[in-house]
Amino acid sequence: MAEILGGVFTSHVPAIGGAIAKGLQKDDYWRPFFDGFPAISEWLSEKKPDIAVVFYNDHGLNFFLDKMPTFAVGAAPQYDNADEGWGLPVCHSLKGAPEFSWHLIEHLVGADFDITTCQKMLVDHAVMVPFQLLWPDAKEWPVRVVPIAINTVQHPLPSPSRCLALGHAVHDAIEEWEGDERVVVVGTGGLSHQLDGERAGFLNKDYDKFCLDSLGPSPEALIKDTSLDIIEKAGSQGIEILNWIAARGAVGGRVVEKSRNYHIPISNTAAASLLLERV
Amino acid sequence: MHAEKHAIPGTTPFDGDMARRGYELNAMCYSFNDAENRKAFLEDEDAYCDKFNLTEEQRRAVAARDVLAMIAAGGNIYYLAKLAGIFGLSVQDLGAQQTGMSVDDFKAKLLAEGMEA
Amino acid sequence: MAEILGGVFTSHVPAIGGAIAKGLQKDDYWRPFFDGFPAISEWLSEKKPDIAVVFYNDHGLNFFLDKMPTFAVGAAPQYDNADEGWGLPVCHSLKGAPEFSWHLIEHLVGADFDITTCQKMLVDHAVMVPFQLLWPDAKEWPVRVVPIAINTVQHPLPSPSRCLALGHAVHDAIEEWEGDERVVVVGTGGLSHQLDGERAGFLNKDYDKFCLDSLGPSPEALIKDTSLDIIEKAGSQGIEILNWIAARGAVGGRVVEKSRNYHIPISNTAAASLLLERV
Amino acid sequence: MHAEKHAIPGTTPFDGDMARRGYELNAMCYSFNDAENRKAFLEDEDAYCDKFNLTEEQRRAVAARDVLAMIAAGGNIYYLAKLAGIFGLSVQDLGAQQTGMSVDDFKAKLLAEGMEA
C-alpha cells in the first residue's frame, strides 16, 4: 500500500523562477522567502518520495477558454514545461506515473468526480517553480508526478468544499493503490494577491494567517467561504488557495506542522511555504 | 437574467459575461506563448489584431496599453500578462498602472505591508 | 420561467446522414427508420421550442485523448460542424444560446458537477444527424442549442447514475432560468450496437426494449447497471444510452410517450426514436 | 495493480491501459479529420506513420489493414473509423473483417436480426 508522507505547500509566483535563473536567492529581497525552503528540501531528501501529486492551476499554457476543465488530471508518461511568453527559462521535463494516474482517474470517476483526463499536458510555472524550490540542486527530478489542475481562472470556480472533497477522493485512491510508492502531496499558489483591477496589490495578512493556522488542524474552517468570499478576502489570485485546500484533503488524516514561512512581498504576492507531515 | 452578483470593489471576477466579451482578446494573448507570434505582433500589431478579430474596444485598449480598459473589454489578467511580457512589463508594472501609482510607489507600498507588525 | 416541452431521443448513426445527403429516405432499407420522424417533426413544429439542450457524445471531432472531459458544456455563440473524415457533407452551423449556457454552467458547477466549459466547440454527426432528422426541411435551424457532451469513448466512463444526476441538475437549472424560452431536450445515440472487436455487429433487442419501455416511466431502472454492464448488454457503442439517460433526467418529472420507433438494422445499429412529452 | 477487470467476450473496453498503448495511433487517426492529412497519408504512408511515431505493432497493423490488430495495439474504433474512411471502408466492412465474415454475410446477419419476431 502506498504511503502518504505529508503535504508541501508553496507560492509559485513566476518571478521566483526568474530569481532562481539569476541566482538571486541570497539577495535581500529574496532571501526571506527562500529561507523557507532548506527545511522542506531536507525533509524531502530524508523522506525520499517516489511520486508527487501536485495540485496547481494552469495560467494559460495548457488550457484555453475553448475547453476549460474544472478539474484536469494528468495521465501522461512525461510532462513538458514550455515558453509562457515572459522569457522564463524552460525547465526540463517531469516524468509521469501513468499507471498511478489511471488508478486515481478510475477512482475519481467512480466517486462521481467529472474530471478531464489529460494524456498530454504542458505544465507551467505553477508546477515548475515549486519543483525548483523543493529540489534546488536536482540534476534530474527525483520524483515522478501526477499533476492535477484546478480551474481558478474562469468563473464559476469549483467551491472550496468541492476542492477539499476532490482531495479526499485522491487520498482514498492513493491509500487503495497496491504499490508501495511513497507519495508527497504538493499544493501550489497563493497566498493573498491580486494582479488585476483597481485593487491590484491587495494583500490580507490576517486571512493568510488564518489559512496557515487552519490548513493543518482544521481545513474545514477554510471551506465555509464560497470562492467569491475568498476572492474578496485574499484577492483575485489569492483564490489559488483552492490548490492548497485540495492538497490538504489528499494528505488526509492528522498532520504536524514541520515548517512554515510567510513573507511579504514577492512581486505582488504574500508568499508562503508550509510543510505538514502526516502523523 | 442573473442572480445578484457578489460585488467586490476594484475587482472584476472573470465570469461568463467577461469570458464571452473577451474571447478574441484572450485568444490573441494566449497565442503569445509562442515566440513567433510575439514577433509577428511586434512587427505588425494591426494585422495581428485583425487576425484575431479583436473588437474596436479591445483594439483601442491594446493600442493604448491600458490594462483596466483591456479588463473592461473582457481580458483576463493571466492572458494579458503574456501581452505585457512582450513590452517587458511585469505584474508590478501592471499593478502600478491599474492603481494609478508610479511603479516605485507601488513597490514601496508592497514592501511597507511586509514591514508592518 | 422557461418551459420544458419534453424529450426527443434518436440514434445518430453517420450512415443516416449519408442517406439524407443521397435522398434515400423512401428506399426499402431506410424507410422503416425514417418513418419514425414525421410524428416528432410535427410535434416540434407545433410546440415551437426556442432552445434545444442536446446530450450527445463526440466521436473524435472536438475532443482528443490529450484533454478528454467527462462532461463538456457548450457556451459558444455558434457551433460549427466539420469534416469528420468520411465525406459526409458539412452541415450549416448551429446558433448557440450563450447566456442560457452560462446559466446552466453556473448552476452545474454550483451543484458540484466538474464540467469542462467550451466557448468554442465543433459538433459532429451526433448532433447534426438528429437535427437533420428532427427538422428535415429547415433552411435555417429553428432552435438555438446548448450541446452537452458525455464521454462514452475513454474509460472510466461516468456511471449511468451520474449521468441521470447531471440531467436532473440541468433540469433544475432550466426551471430556474428567468427567461420564457421553450426548451426541448434531445438525447442522441444508441441503441444497441458494437463496431469493434470479435463481437462487432452485436445487438440486443430485449435490452433495447427494456430501455424504450423504462426511459419514460422509470428511468431509475436504467441506472442499476454500471457502464460496463451496459456495454455487455448493449454493445460497446450501445453505451451511448448514457446520453438518453442524461436527457431523460433533464426532461424531469412525468412524461407521456407520444411516438416510438425501433428498427434493425441501420448500418450495424439497432436504431430507434422516441418522443416523450412532459405532462 | 488493477482491480479485477469486468471481462466482456469479444470486446476490449478502451480504458487507461489501451488509451496509453494506442495514443500515437489514435493521434494519427484523429489527424484524418483534415482532408490534407488524409492526402498526405495516401501519398506516403510510411512517412506519415513516422511523423506520429507509431510503434512497430501499430505500423504493422495499419500496413495490414487489420482492425483487430489495430485495436490490440490500442486503437479506438471511433478514431480508426477515420482511417477506414480513407480506404472507403464503412463500419459494416470493418464488422465483417473483425468477425471473419464476408461483407454480404455480415449485412445479411444484421438484416436477419431485424426480421426475427
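The first chain written gets the first letter, and so on, giving A, B, C and D; residue counts start at 1 in each chain.
Simple rule for what comes next: a residue touches a chain if its C-beta (ideal position, glycine included) is under 8 Å from a C-beta of that chain, and two chains touch if they have at least 3 such contacts.
Here the structure is a predicted model, which is why all the values come from computation and not from measurement.
Participant: Is the C-beta contact count larger for B-C or for A-B?
Facilitator: A-B
Participant: From the mean C-alpha coordinate of chain A to that of chain D, what's the distance rounded to whole Å?
Facilitator: Whole-Å distance between the two chain centres: 39.
Participant: Taking the mean of the CA coordinates per chain, how far is chain A from chain B in Å?
Facilitator: Result: the chain centres lie 24 Å from each other.
Participant: Could you state the distance in Å from the CA-based centre of chain B to that of chain D?
Facilitator: Chain centres of chain B and chain D, defined by C-alpha means, are spaced 46 Å apart.
Participant: Where in chain D do residues touch at least two different other chains?
Facilitator: Expected reply: 15-16, 19, 23.
Participant: Give the residues of chain C touching no fewer than two other chains, as numbers and ranges.
Facilitator: 65, 105-106, 119, 154, 156
Participant: Can you give me every chain pair that touches, using the contact definition above?
Facilitator: Every pair of chains in contact is listed here: A-B, A-C, A-D, B-C, C-D.
Participant: Which stretch or stretches of chain A touch chain C in the complex?
Facilitator: Those in contact with chain C are residues 63, 65-72, 105-106, 109-110, 112-121, 154, 156-159, 162, 165-166.
Participant: Show me the residue ranges of chain D that touch chain A in the complex, using the header's touch definition.
Facilitator: Within the complex, chain D contacts chain A at residues 1-2, 15-17, 19-20, 23.
Participant: For the complex, give me every residue of chain B touching chain A.
Facilitator: 6, 8-16, 19, 23, 26-27, 29-30, 32-35, 38, 67-68, 71, 76-82, 85-86, 90-92, 94-95, 98-99, 106, 109-111, 113-114, 116
Participant: Along chain A, where are the residues that touch chain D in the complex?
Facilitator: Result: residues 75, 77, 98-99, 101-103, 105-106, 119-120, 177-179 of chain A touch chain D.
Participant: Provide the residue numbers of chain C that touch chain D in the complex, in ascending order.
Facilitator: For chain C paired with chain D, touching residues are 15, 59-61, 64-65, 82-87, 153-156, 194-203, 205, 226, 228-229, 231-232, 235-237, 263-265, 267-268.
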